[in-house]
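Following this line, the structures themselves.
Look for subunit A in each of the two complexes below; its partner is subunit B in the first and subunit C in the second.
The block that comes next holds the complex of A and B.
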């Protein structure tokens, strides 16, 4: 038994090294003072962190990413909250089909979805790039919003809603005063998860960006094709910290168990 | 005139009628129980009255007005749920105040009425607690207070005690009856527990497959079930199918082959209809084969097959020529398995059902 658990610990340690090693290396190399990515670094400097803020395209695409992710999030919420509510609350014909349809963007390979959106929104309907990008991100966020809020509603006893109505509350009043407050943490978690999904997205954005409009991940891709300095490593560290912080908040709100159970 | 009346109501779910041509009347101030097994339509009836369901056909009249199309939130009926359905994010006080605030009462009046109602359900001092910090019994009392504080025209209970443990259930049903009488509020109460229904109701409706089999006072139902279904449901464990019956003075004489039985006749005919004899295990009597048995007729001889100790009494399964009968009997010296016994059917307790 003892022997077994020692082997297991060692194995677990190796897996962690395999998973986290590259992240550690990236983080360390981001402090490289020289102009070329190197491991181990030859010193310690924040030069490339400063560079992020000096290269205007990073700041601009960061702004675009934030705006697209936030606006798309809002749109996805407006569509997703009622959808999740209806799917959880009512039994109707075609509910399972509708459920599958709402979740389909997760099932379709991103590259296919991205290409399809480009083909129709931009080429056929001639929408402005910015609008297309926003719609694309709304589409990829919607399944996450619906999924997380629906699972939050699963723990909600709808008799509570009926109780409010029997006391004289209208359906709308009940929804805002009774249902919403009880799934608040679910909604917040849905917002954060969808935000991460959108903010880090590459496969849709790569099709939906174009001249003058780009998101941060796409800008980073373009940058590494031309430059070999540690700027990208520095951005990566910042993004990792941001993501970890958001995940921490999500975990506090709902617990990870929320996403592993179906 | 009845305060509440359902007239030829039909409710369907998934193209299947749960209630059809359903009629029900209730007088003001009465507590009516709907009793039946799950799937008998009792909860559907209650939800229809509450307004959570719509009738396909028929009419729901309340206090002389047509309520068929009145939405839930305009009915002013209190509803107490099996799951309590308290607002989890609100304190006890806010839960109870919810309906009053919707009625735009002044906060001072809200406070007065909430406080008084929490007194009635003995929950003073719990105002600031959240439902999650209460026991099951306390939650149910908050639910009752919340439903009552709006001074509803009708109070509806959907199996309110089935999530509570046995002792608490008995206490709570006494509480419910007390509050209902104190406030004189007309009430419909749904349960599958006959003891619960019988102990608190003015009227009990025993339901089966979307129909009311019998509607009467609890004592009348308990003594004289109107059908074999009701008899079985309320614990008449023994049945005999007779082949003939004729009046014989104060009795009804029943025959099955060469066997003769007598059942007492009653002036109002209760428990005198039909050809099936029904009797409770508690009402049958067992005798050993003693020679001085001073009962005439109404007996069967048999053999004890199984003897089970129930605490206060023994339960016997007795094999006779008319099948197996279940008998509960208190005794110090119980019969043993295989023992020959005589089963006596007191004629006052033998009830006939169609």
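The block that comes next holds the complex of A and C.
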């Protein structure tokens, strides 16, 4: 019964060629020795990979991206782990509303969020752009942190926590010694998923650029609109390798079930 | 349970989102109804009377509808195939679907610039084979945006459908088959109706995603505007923040209306939730 027909197999193959072909093409063109992107490339060269390290904008924005994504991640964890715990552990009035609020940053169009943050955080609140960028990234990471951690708390038996408390352990002690070790892989996966979400973000970052402040995706976007050499292809390959590595770790930590759940 | 403890856990996140998200959004919405110190709908009326804006809105809707339909047509059979294949192949194909999802949208849209450009793969092939004389203008058209958006959102609908198909009770299909239904009838009468809620949810994600996507239209659309690139242009190039705010509110309203309607529809079809 579970046989797939030939037509369906072929169709699926074509769908995956459409999905992955462009990424293969980018990878191949990144080795182009000439100055113009083309497919197939005219030879093999690593000059555009070298170029990434020679163009200081890429290195600087890469650094900004890493710092913002990591610091924002830390902030989102500090805010999100207690909230995810409270929302999964306790039943109380208004829980659904709060849950919806914590997940709402993914529902609001990114470009709208980016614009309002620019208008109020930077202009009205008068925060420096860098701080605004950091806060914006924290806002968009929060839902991912909360969702992934809440889903790993679903598999945690809170009776264990109660047992520890009935034996005299404090709430804080049980949280750190009993709950946290049990959801460690969920937290690590949450960190990685949120990191990717933030690192790849365009919608917020595109509004938060200023003198000396910009993230790598925004730098790439600007570069592509002005030049058409294979540098961006080379960066893309590096980013894809990093993404694949992180995806592999996420799979090891908690499988892929999180992604198929809606 | 101690109430104070609960507040302590929730308050930091709540305060953070209130100050840095809720208030800015509320104030943005409020600001669109005030002009020169007077309460007015002029900001909106101005837009809906403007032919240029209406054209952008229409392009956006058209691109999003086509993207959603194509994603369903491509994604549904692929998800169905994956759900029925063996364990190892399934996890391999699942990984191949998730990988693009985690890859930067800049990278993914850029790949289509290489393919669709004047000297791109498609044009080179068509010219070299003599099918056309001059390269086609594909890049920087709504068609390019659609292709880029289908590519962007296809993984999302595949994995959403897969989540639904994985939980499908295949005993029902087997029962129908043993009672004499052809495999097509069994699909049409059993499998398909059971996957409709997943189709709707996946469809919402793609539709709303395409309506509000920025990176792909910005890279592949050229001078063709959609609502999100129009917002950006008003905010950053023209410095018309009043207009940008009105567009932002229109986008929020469209998003919430679409999500609300489709959710209600999905719930009615699937009362168990």
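The rule is short, and it goes like this: the second predicted complex is superposed on the first by the 256 of 262 C-alpha atoms of A that agree within 3 Å, B and C clash if a C-alpha of one lies under 4 Å from a C-alpha of the other, contacts with A are read in each partner's own complex, and residues count from 1 in each chain.
Quick note on the criterion: a residue touches a chain if its C-beta (ideal position, glycine included) is under 8 Å from a C-beta of that chain, and two chains touch if they have at least 3 such contacts.
Only a predicted model underlies this, so the values are computations on that prediction, with no experimental measurement involved.
With both complexes brought onto subunit A, simultaneous placement of subunit B and subunit C is permitted, the two fitting side by side without a clash.
For subunit A, the partner that touches more of its residues is C, with subunit B and subunit C as the two candidates.
Of the two partner chains placed around the shared chain by superposition, neither subunit B nor subunit C is touched by A:59.
Contacts of A:129 after superposition: neither subunit B nor subunit C is touched.
In the superposition on chain A, A:142 contacts subunit C only, with no contact to subunit B.
Here the apex is the CA centre of subunit A, and the angle it makes with the centres of subunit B and subunit C after alignment on chain A is 90°, in steps of 10.
By the touch criterion stated above, A:70 is placed in contact with neither subunit B nor subunit C.
Look at A:247: by the touch rule set out above, it reaches subunit C but stays clear of subunit B.
Once the two complexes are laid over each other on the shared chain, residue contacts for A:188 go to neither subunit B nor subunit C.
Minimum Cα separation between subunit B and subunit C in the superposed model: 7 Å.
The interface of subunit A with subunit B does not overlap its interface with subunit C at any residue.
Of all residues in subunit A, only 157, 159-160, 162-170, 173, 178, 181-182 touch subunit B in the complex they form. Taken in their complex, subunit B has these residues touching subunit A: 50-52, 72-79, 81-83, 85-89, 98-99, 102-103, 143, 146-147, 150. Within the complex, the subunit C residues that touch subunit A are 1, 5-6, 8-10, 12-14, 16-17, 20-25, 27-28, 74-75, 77-78, 80-82, 84-85, 91, 93-108, 110-115, 117, 119-121, 124, 151, 154-155, 159-160, 162-163, 166, 170, 173-174, 177, 198, 201-202, 205, 211-212, 214-215, 218-219, 228, 231-232, 235-236, 241, 244-245, 248, 251-252, 255-256, 259.
For subunit A in complex with subunit C, the touching residues are 1-4, 8-9, 11-12, 15-16, 18-20, 22-23, 25-26, 29, 36-39, 78-80, 82-83, 85-87, 90, 92, 98, 101-102, 104-105, 107-113, 115-121, 124, 135-136, 138-139, 142, 171, 196, 199-200, 202-203, 206-207, 217, 220-221, 224-225, 228, 232-233, 236, 239-240, 243-244, 246-247, 251, 256, 259-262.
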